[in-house]
């Protein structure tokens, strides 16, 4: 009777519509929808964790004609992370967007973005993915511009244009696939896909378009200004979820759709770009003047890490190693999602209470906001990849498989990345140790700090140690 | 009953912290009592096994240790009386008493120890504690003596440590003394070095005259009497006497002993300070012991007699030497007292080995060993040594005999108990003459006097008569001449006396230290400069360059980059396998 | 910033390479494919979909989810425009000729829109085309000087804009709660449901397009902007 | 329901959870924070005691958490880990009491004690780790937990010292990480087994094993302050006294040394490592560190700086013990793990007392300090004598066993190194004792603070050094007693060589 | 698949691809915002041409409805995206006009700076 997949998309959409119509009640309705959606998402993940993957045909017309929603292990894990982070962001937003004016603008767009996210993770139809990408791009760009400054408008316009270019290219790829194989469903295309010019060009177009939206190294130019100038909860969503959705799509295409077509050399190209992203992103983060710019560049670096898994995945034949690599990839994605969201929320609080987030003058604030600094620390642990964070175990598996396959250079990149990450995180944390008077109590603004703290704690401690259930989830999924 | 052995060591250790408080200082006297009790009550071969202490300690007695324990305890208890009475409540004396008892405990542990670790523990504690005794009232000269003493003791200790290690290599972690297997060359060399420093053998002796000259009377007495004999005990324990003949090592020992015997006497004669004279006589006696050991190594069959002779000689020397030092202590308080002067003369005679004295007895017992190789030159040398010792003692008597009317010029420099130049010594009135220490001293005199008659049979008494005669013939006219021409001229004090090897070493050491520091300093400077440069690099890097991403952000560049990536993707999927 | 010489050469070169591959791919895609794509399957099942026009049945029945999300995209765009700032200044009031023209054209557009909405079920037409016409009506009104293009004030406008999607979602959810499955129309009611969804959609699309043309936060009151 | 699998985990958490709670306490909830601290310490001691009793009777304790197939976090208690756990637990209790006294009125105490407990739980984690991965996990958590302690004071040079510390330990951690992963790909799951597990690997891999050994040694060498990598230790002396006591006597430095012991005995196996010629390399490195550390210590005027360099040289004794083939040298190395901890922590406590009570930071200011603070200086003397290796104190036992082990193994150059280092130790410790006891005190101390009426300084500051000094003497005197560190080290060495 | 349908599909689809490429070229190399938006719409039109071309099933047979529906949805999405982008452009213009009132920029570049 209850179809969690459809509910997961319809509920936030319904919420968005209600909030648009009744702006006065925006905060209450928003929170209600947030809670309901998270419950549905977690229920969905638990059902997938228990048995096999979920599948539901919308409109009851069967796959080639109608649209299907599917939730396998990978999708369920990402949905769970996305919804938890979104819930935390929503709680934070009730505090951040205090005024009626700003919350009226924020909540409808935010819930639309949320439903686009769930829709994208659960979609199994290529064209539907295009529509979800567009909805995601539009609402993210609109949300990003809420700060109202000129830089925000300019950055988000560039983001919107990049998004449109990317999704238009993606759509052409879908058109080609439809021309050749006459169906739009992911699984059916994957089944009937044969190496040839169509598959080749569709791969190039679709993945090329998505690389733009996933901000892989040379194409990351739009991300830092967009994420740094957005309001704190929005930049948390952008960095942790929106970029993650594009990467999830690349993965879905690379591992499922184009599994037979993909060659190791192509994987190597993406891996090298990823390595470039790690080094360039970390180096720029180290040199960044402002805290949120640092966080944005750290996202560019973490995206690099995710793409470094691709060459290894393509080179490893099916078997336990590939299973471990996939689990490690998901672990890294989840940890980064939680950590970056926590980091941005804390950075937002620091900016709000001191009026600026220039790292050099951060001293006083870092000392007087112990909870915020503690969150930055925990999130930093996850970003650097210190144990017990998921990133540590993910890097362990990544380097292990790299050495096993003889591609030892990935290990060097991981080493350099970890050191640079440590440098730029501790550059911020060092500010917290100065001679300011000791704050009386730990929490200064609970509504912002508790969700941020929980997110960061989950990233630093929770996900890493919960690797076993995640492995089961992924195993059960496919 | 064998628990008493542990008490011997434990009581002084436990009393040590208590005696720091001036009111409790009389406890120092009680410390040696358990040792005396064990001597009286315990059978000569009592042993005590303590597997849990240190690495499994074993304490025990046998013939030699019995004798050693006897005279050591006597010396310590007699020296304890002046410590308690005369040192009194001056500042720093608490610390002196603490270290005095620690040294006592170390000494007793060492004598009773039946395994190397215990032996080394006693040796180390005694060595370090003695440093504090030498340093007692402070002052520049004592500090220098202390520093030299400490340096050489540490080297000695480490040499002994390594020797024990190498011996342990063959016999497992711990084994019972005396050593059963024959140690190889390096071990013997190390033992010679380690214990030689303690005994004050010639090339290793520089610290001894300084220390005896600087230390207060009871400390000097204990140092010369009990502590230096430890080296002999060590040699007896660790060298393979009686098991195997080591001709070349034996000859080395003999020659070293001889050199030390004669040269020390020569240098001693030119000394102007009575304490240094006694110091050099101790060095010569150490040479004699090494000579005897060498002979035993040459002729293992002589070991029983040899060991007996050595132990007796050690006992005699301990008692006499400590008596002399204590006497000097008393004399410094009241130079004119006739009883003290008579006693000192008696002790001097005994030390010189005049007939009817304990010296003569010891020499007679040692005679058979000395004669055994039958080398003529050895007998001649020994005869010369005996004569020289007589002369040395005469010199000593001459030095302590105050010339009429001339105030004893060099008293100021002597480490008197009430020297004025030391800031913290109380400048109070002259303390009452310490009766009790005088009584103890007299008791010691009685012991020394009775020694030959109790132990030796009458035949031994007249030995050395001939040598005594010759010495008297040489000394008498010399003394008369000096006395008439320039009374008291022989007594001037020269600070840098001839025998001090330290005088030579110290500048070399200082030079070495200086060059090392300079070299090291420069190296340090370069390292610091490099590090500073590195960190400034870090700061300079910190400043942000113009935003490199501006060009990246312009659409054309971003555009062709994106197209490039897509084309590369196409090619790699198309071309690559 | 004048693109450097390298880029003017490089970009076309790369594009022509991609173009070549695309043409080759398209050629092989089209020729290679022997069977009918989804045409036969879709056309076969149009009768049960509750609309005779195949495109409408695909749009509002087979791939109804897509259309729902598409309306959400439209709404998102509108909300984005509103969040970027106040609306532009209205045009200066139209002269007599334009006014009379408008008074004729706007009702015509509205009737045509209604017709398109109705005919959508059988022939090409439907919610989007009708909405477009309504939007055009709004635009002409705005061009003729009316400050908010015939649209209600902000609170009602927000309801109107969200109405279409709301109707769609509510129908979907009720169907799911009734056990049929999200957006699965019972064959009997299909036609009626499609019609209601279409009318809702037309209204909100028209309102959205018109409001989007105004380009900003609708003015709360009808103050005449200088 | 046997509790065995949960004991090691409980021990690690028994200090982590109170620590986590302390973070959230306000600055002024003094009583609750002290209660939490002491409760954590006592609970841990009880648990450790229970475990020692169990291990002694051959009981197996193991908590296992499998993250992925082939990737497990294992906490197991074998003889070697129990030795280190016992040491760190006891010394943590003492240091906590000292820290409470020391940081009486200083700011940020919640933050300090939070990280302080995390640091110890990391150390205990390192001790109890059952395989190389868990070791690396806790090794890097230790880096994380100790950084805030070093930067605690907030002064510019504390910040600089912390930065240097972080640079060194992070790069070391990364090297260790890559080495461990490389080894794991070659050999599979790396559980620590008595006698090492690389012996059976095929011949071809030996080249890689040597390379990996150097990587791991570099990673561990940073924390064990082997020569080229020791730069951070003197710089980290800026930290408050309890931190430098716990870090440089127990936690950080010992973690590195413990790691090297684990690497040589339980990963490579000592015979296998010897065949590869790795032990001689380790030995040479350790020897150079010993000599270099002592030489540098000679020229340092700052008391804590001198102690820091002395730590640099002392810790390498453990590496030296591990590098000499033969059970006796191993015993020497292992027992020094405990002895050095006890003696060095005493010295640092005394240094802290001098700084806190009299404001004395330099050796040149220590004239006659024995008269003003007799008990502290007595403890300092015991510690110093122990460092030199003078018998009654524990240091002698180590020197005796190391020397003996070297002699039996025929590595005579080791004895020379021991000799030279003992002399150098004497050269830089005895002048301090001489100044303290035999020089007259100055008329006015730099910053004299009256911390207690009856005693020479606050009780919480005075008793810890005295207790640890007593421990050092007892460990020396009762070395052969059943539950002494020496007995335990012999037990470990027998099991290592026994099979 | 008769030859005639094939030819029309190829011809029409090829034109669509050409549109797409032209659109991309223009999007990348031209600076002003409105030129980029027009380029985007051309690219969209190109893709929709391909889809419609593929839907062609000969003169008599009704065309394949699915691509048509896709095109309809695609058009609406393209419209809303263009509307939002234009709103962004207007916002940047208004921002600049407040700062430099006298210059009424006509064709300002996408990041709002003037030619």
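Letters A, B, C, D and E mark the chains as written, and numbering starts fresh at 1 in each.
Everything that follows uses one rule, which is that contacts are C-beta pairs under 8 Å (C-beta built on N, C-alpha and C of every residue); 3 or more make two chains touch, one makes a residue touch a chain.
All of these numbers come straight from a predicted model, not from anything done at the bench.
Chemist: Which chains are shared contacts of chain A and chain C?
Modeler: A chain counts here if it touches both chain A and chain C, which gives B, E.
Chemist: Can you name the chain whose C-alpha mean lies closest to the mean of all the C-alpha atoms?
Modeler: Smallest offset from the overall C-alpha mean is found for D.
Chemist: If you tally contacting C-beta pairs for every chain pair, which pair wins?
Modeler: Counting C-beta pairs in contact per chain pair, the top pair is A-C.
Chemist: Sort the other chains by how far their Cα centres are from that of chain B and give me the top one.
Modeler: Computed centres place C farthest from chain B.
Chemist: With chain centres taken as the means of their Cα atoms, state the distance from chain A to chain B in Å.
Modeler: One centre to the other, that is 78 Å.
Chemist: Return the distance between the CA-based centres of chain B and chain D, expressed in whole Å.
Modeler: The mean C-alpha positions of chain B and chain D differ by 37 Å.
Chemist: Distance from the CA centroid of chain B to that of chain E, rounded to the nearest Å?
Modeler: 103
Chemist: Could you tell me the distance, in whole angstrom, between the mean C-alpha positions of chain A and chain D?
Modeler: One centre to the other, that is 42 Å.
Chemist: Got the chain E residues that touch at least 2 other chains?
Modeler: As it turns out, chain E has residues touching two or more other chains at 13, 20, 24, 27-29, 31, 36, 50, 54, 66-67, 70, 73, 77, 80-81, 84, 88, 91, 110.
Chemist: What are the residue numbers in chain B that touch two or more other chains?
Modeler: Chain B, residues with two or more chain partners: 556, 558-560, 563, 566-567, 570, 574.
Chemist: What is the complete set of touching chain pairs?
Modeler: Chains touch in the following pairs: A-B, A-C, A-D, A-E, B-C, B-D, B-E, C-E.
Chemist: For a test of understanding, state which residues of chain C touch chain A in their complex under the given definition.
Modeler: By the definition above, chain C touches chain A via 18, 21-22, 24-26, 28-30, 32-33, 35-38, 41-42, 45, 61-66, 68-70, 72-73, 75-77, 79-80, 82-84, 155, 158-159, 161-162, 165-166, 169-170, 172-173, 176-177, 179-185.
Chemist: Using the touch definition from the top, list the residues of chain A that touch chain D in their complex.
Modeler: 320, 323-324, 327-328, 370, 374, 381, 386-388, 392-393, 395-397, 399-401, 403-404, 411, 414-415, 418-419, 422, 426, 430, 433-442, 464-465, 467-468, 471
Chemist: Flag every residue of chain B that touches chain E in the complex, lowest number first.
Modeler: Residue positions touching the partner: 555-556, 558-560, 563.
Chemist: Would you pull the chain A residues touching chain B in the complex into a rising list?
Modeler: Going by the criterion above, the answer is residues 158, 169, 200-201, 203-205, 207-208, 211-212, 218-219, 221-222, 224-225, 261-266, 268-269, 273, 284, 287, 289.
Chemist: Please give the residue numbers of chain B that touch chain D in the complex, ascending.
Modeler: So the residues of chain B in touch with chain D come to 51-56, 95, 117, 120-121, 124-125, 128, 132, 135, 138, 143, 150, 154-155, 158, 161-162, 165-166, 168-169, 173, 423-424, 517, 520-521, 524, 531, 535.
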